[in-house]
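One structure is given below, encoded as structure tokens.
Going in written order, the chains are labelled A, B, C and D, and every chain counts its residues from 1.
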């Protein structure tokens, strides 16, 4: 298993290289340059050119790329043009929010998604099934920010039960209370994704329940709920595990909209603002971190596959 | 009192809003330790009958619409779900056609046998595991101590069917229903499995209901035979009486279509026509469109049951003359 | 339907987390900003957001009072020679920097020199400066090449202006903004932390020595009531508003005009008008393209625009805008209605004929606007429709701000572009006066009037020259003013000491929370 | 033609919800086509006096902060919904479909291509959109291209899997034995088998494209702000949630209803197609 992990991580390197070239090209092709944004409205072209030179952005692209690449290989992602702080610390700040948000959203998905999925599969066709899968699909059709806006209005502004936006850093156990800042955002994010998971659990459970070994289980006189959980769901979990992996990865990076509505200092928000500010090192750093995250999540999904399904062997 | 009595059983399937009959009233019985073979082309209702007896029709569009099934004197249709489940896997058990997919791929075979044991008996995990190893040995699986922990995909089709048999017989059931157990296996393994079943029957006194479309298999292993055609029993008799004196043209047709090794034949005989669709209803004897000896009477009214020998019955107007 | 703060702390929901307690001590001000400032180095950055935060940390020699007149801050007074060419500034004593050092003339000279050479607005003053030296521990002497009226205004205007750093920090500094470790000033608050995308935190500077005198605008006594000031980027305007109403923030900036009435009668929130209005500007390209020297065509464009309608749509309620042609607002010493009759004619027919006479034959006019500032975009949409009705072929190009700034520096890329300008105490600071500012307006008439304007130091005479300059602007139309816009901010009704209106940058000394 | 109608009836027989969804989509299509005839006002026409007026007469859905008639903009919004939906589907299926199919068929080159798709897939959809939009400047075509590319990656992955399965089917060997060239095998044998799953994938892309477009509009990266689309109407008027609630309720309801219908139709089609592929299209 360990060897397999190493092998997979090694294959990550070409992907990272490709991604880094792609991102570097994209980012430098976008019109607008950091120096003019930094200096603001009244800066004269000479002043902008001077600062560009100081920041080393006037050198040809290729030189800049390799200069940056050599630094990255040594683990130094450079300094943010905007904050002056090291890129990694800027990203780490955002990463904590995004990952906590994604984790909390996954909790909702597991608490709501799986039981409802199993329920609607077990009562296939009856009103329970139609209600839940219909409801799940309805939630999957709601634009995230629209839902977020109304959740803020109702629960934060009118009822005042929960904070409306922002997320103070969690720098110790005492600060766990800050998690309530993520309640509304995680529910907003969970709704559409839970709907996907519900439909997936239902579909894969229905497929599995048609297989012969389930009939064997019934022939053993087992209680229907034991058949549903131990035999049907256990097998359906394999397909569901894959979807969980992708959903988590998507949550961390797709949560841009939710982060904007709730103004959470996450990675998504960081990239949007960095692109508006043309903060090249941060954009490149974040994209690489996200590519690594995707690769790690894919790897975890494959490892989970092997754990869940003995037929899969890790070559 | 026979172990299993099926009296005028009727089964129908709910399709596109209506109930279409599949089994149209069949009766037969099996005594303890006896082997009954049910043979017929696919679609004649033999598999559904076995599922009905085993109680596996819940949650499927198939319903029992008439008749009784009595097992050890109890009418199975009166039992509630819990009582029905108490019998399944303990008093009666079943093995299926597709060994490759009949075992749960994610659990070790030992655990799947243990599951059946612990469902019906107060037995510790350790004791159940030991019992499972014994059962694997009983069904002639090599190195049962190791194989108990292997996964289904690590075993061949024949071995898996043996595991199914071990699992089925784990609680020493009175009745074993085998729905085409060897069809998916190649011939050599087929023989081994059938011998194993006969041997275990000998040792444990288990009654067997063997369902197959292969007359050869039935002839070799069964004490008595029921030939089903389109939801009805065309002919039933002890195996020797049946082959001694055929009393139904359909059975004759089945027999003739088996190639004989030492006879070189230009064309293999086949029964002309096809089995009528489930939603076609046919006047008179259901077999008349394909029966070489069909007369007017066959086309008009249904044949009633004719007794030929002491247990030899046939549903054919000319049962008596249909001799070889 | 709104609840009190004590109700909010009784959190009833959330199976996961059920305990209350606000994340911040009562002594903290939470300010929701529009985003992250580029840097807090006041000398080289002109972003208003940056100044809103930084003017709590850094101070200049002078500052402005409520009537926008320059008053001493770190300076205690000054003597100007008769020929107006030598200025001796006395410094207050016992003023400490955040790193504990005493402020001396050496620090002031080092700061002024760096600002003079690299500061955003440094050249406006230092083009006329011969030398600046410390003539005593707490005295600085400035020698000018010629008398220069606006020197005190320029010294007091901290945005891109001469904030005073310790010599050790500012000596080697160049164009690149000073790093966070260099944020050492003399203000009532000192820099504590900058968590990217989360907050900039300032904490009270314990041994701050406040100037004497009754508080008046930014001048006078400054006491730091709050323990900490947290400036949090909340880019989404909806989140800012909801945040103040829900009690998550105490103050939020740049709120859309259309919500003014609704927020005014929401008792948990107070609306605070910005004293100094900002004003929209549409610049014309004087170096390339159809508008190059064609003043007649430019006047035709201005004639086609009905700016009142655009202000109604883009800003909303009447008391948030004024269709005022003068570049400085009513009531300000520089207010002048010279040339303003051409401000907002809205006469499509006249414009069409004027355009034809000016030789316009329908070639496309590239009009650049950015979506980063909603009122830019909304106004541009209205103008485009009005100009289309008057026969102009407008090619509206919508970019994000970074792209617009870059394209704006290339003369072949645009003909009109939309920007806005903060309130300035002295017309010399208006971007159109700067010859190198995109649009590149540098006609001989302008240069002649501009030199006369800066040379004289007699206020009455300068006001008269400014009238002539404004008339020239309406004649050569290097830029078109779109109208005065009174932005407003909202604050939690529990804040005291804020006053009815703020100057350009809200200040939070002498302010506390219930 | 009747065969198609019959097939449609089959798919939707007994599925009340899905048929309601289908009729709603047909209504949207009609409204989209006849938009200029139905809309009472010009969707771009600014009327400062009537700004932010509540629903009533003559403005059925009220007006936005420019004074434009929300009802007319909603009608033209239907046109934009159909445009974005079908545009994204075409881009996604053409690029993604081709890449997926060809990579599975020509495995040598295919591997490299699919690695490229993996890299692209590692890019979160919205970031891809973000970078492209800032590069290409906001327009309807660019929005469609961006959303199309985003779903091209998932389509490529799904098509790759299915073509691999089909390639091993016996009927493909049969075609090869009868001397069929690569072209005819791909387009006369494999493609027809992919049509029904592609159709299902199309309906899901059509649905999710609407949400993606709305998200892009919200971030200020989607359609130009004055273009009447439901996503734009939500994004541009979101601060009026309490001041002018109708500006968020009507477009919001329209998006939810339409995406819900598309999902229902997609589900109905997916359930009726060949079960072999059903587990491949678990989710877009």
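Heads up, the rule we're going with is that a contact is a pair of C-beta atoms (placed from the backbone, for glycine too) under 8 Å apart; a residue touches a chain by one contact, two chains touch by 3 or more.
Since this is a predicted model, take the numbers as computed values, not measurements.
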Chain at the geometric heart of the assembly (C-alpha centres): A
Centre-to-centre distance between chain D and chain B (centres being mean Cα positions), rounded to whole Å: 52
CA centroid of chain A to CA centroid of chain D, Å: 22
Distance from chain C to chain A - Cα centre to Cα centre, in angstrom: 39
Inter-centroid spacing, chain D versus chain C (mean Cα positions, whole Å): 45
Interface hub residues of chain A, defined as touching at least two other chains: 30, 149, 153, 260-261
Junction residues of chain C, two or more chains touched: 238, 399-400, 403
Contact pairs between chains, per stated definition: A-B, A-C, A-D, C-D
Residues of chain A touching chain D in the complex: 14-15, 18-19, 22-23, 26-27, 29-30, 130, 134, 137-138, 140-146, 149-150, 153, 192, 196, 199-200, 203-204, 207, 239, 243, 249-250, 253-254, 256-257, 260-261, 268, 271-272, 275, 287, 290-291, 294-295
Of all residues in chain C, those that touch chain D in their complex: 237-238, 241, 256, 258-259, 262, 309, 312-313, 316, 371, 377-378, 381-382, 385, 397-400, 403
Interfacial residue positions of chain B with respect to chain A in the complex: 54, 56, 58, 85-90, 93-94, 96, 98, 101-106, 115-116, 119-120, 151, 153, 164, 167
Of chain C, residues touching chain A in the complex: 1-3, 7-8, 11-14, 16-17, 19-21, 23-24, 32, 35-36, 38-39, 44-47, 120-121, 160, 174-177, 179-180, 194-199, 232-236, 238-240, 242-243, 245-249, 372, 399-407, 409, 419, 431, 434, 436-437
Residue ranges of chain D in contact with chain A within the complex: 17, 115-116, 118-119, 121-127, 130-132, 134-135, 207, 211, 214-215, 218-219, 231, 234-235, 238, 241-242, 248, 252, 255-257, 259-260, 263-264, 267, 278-279, 282-283
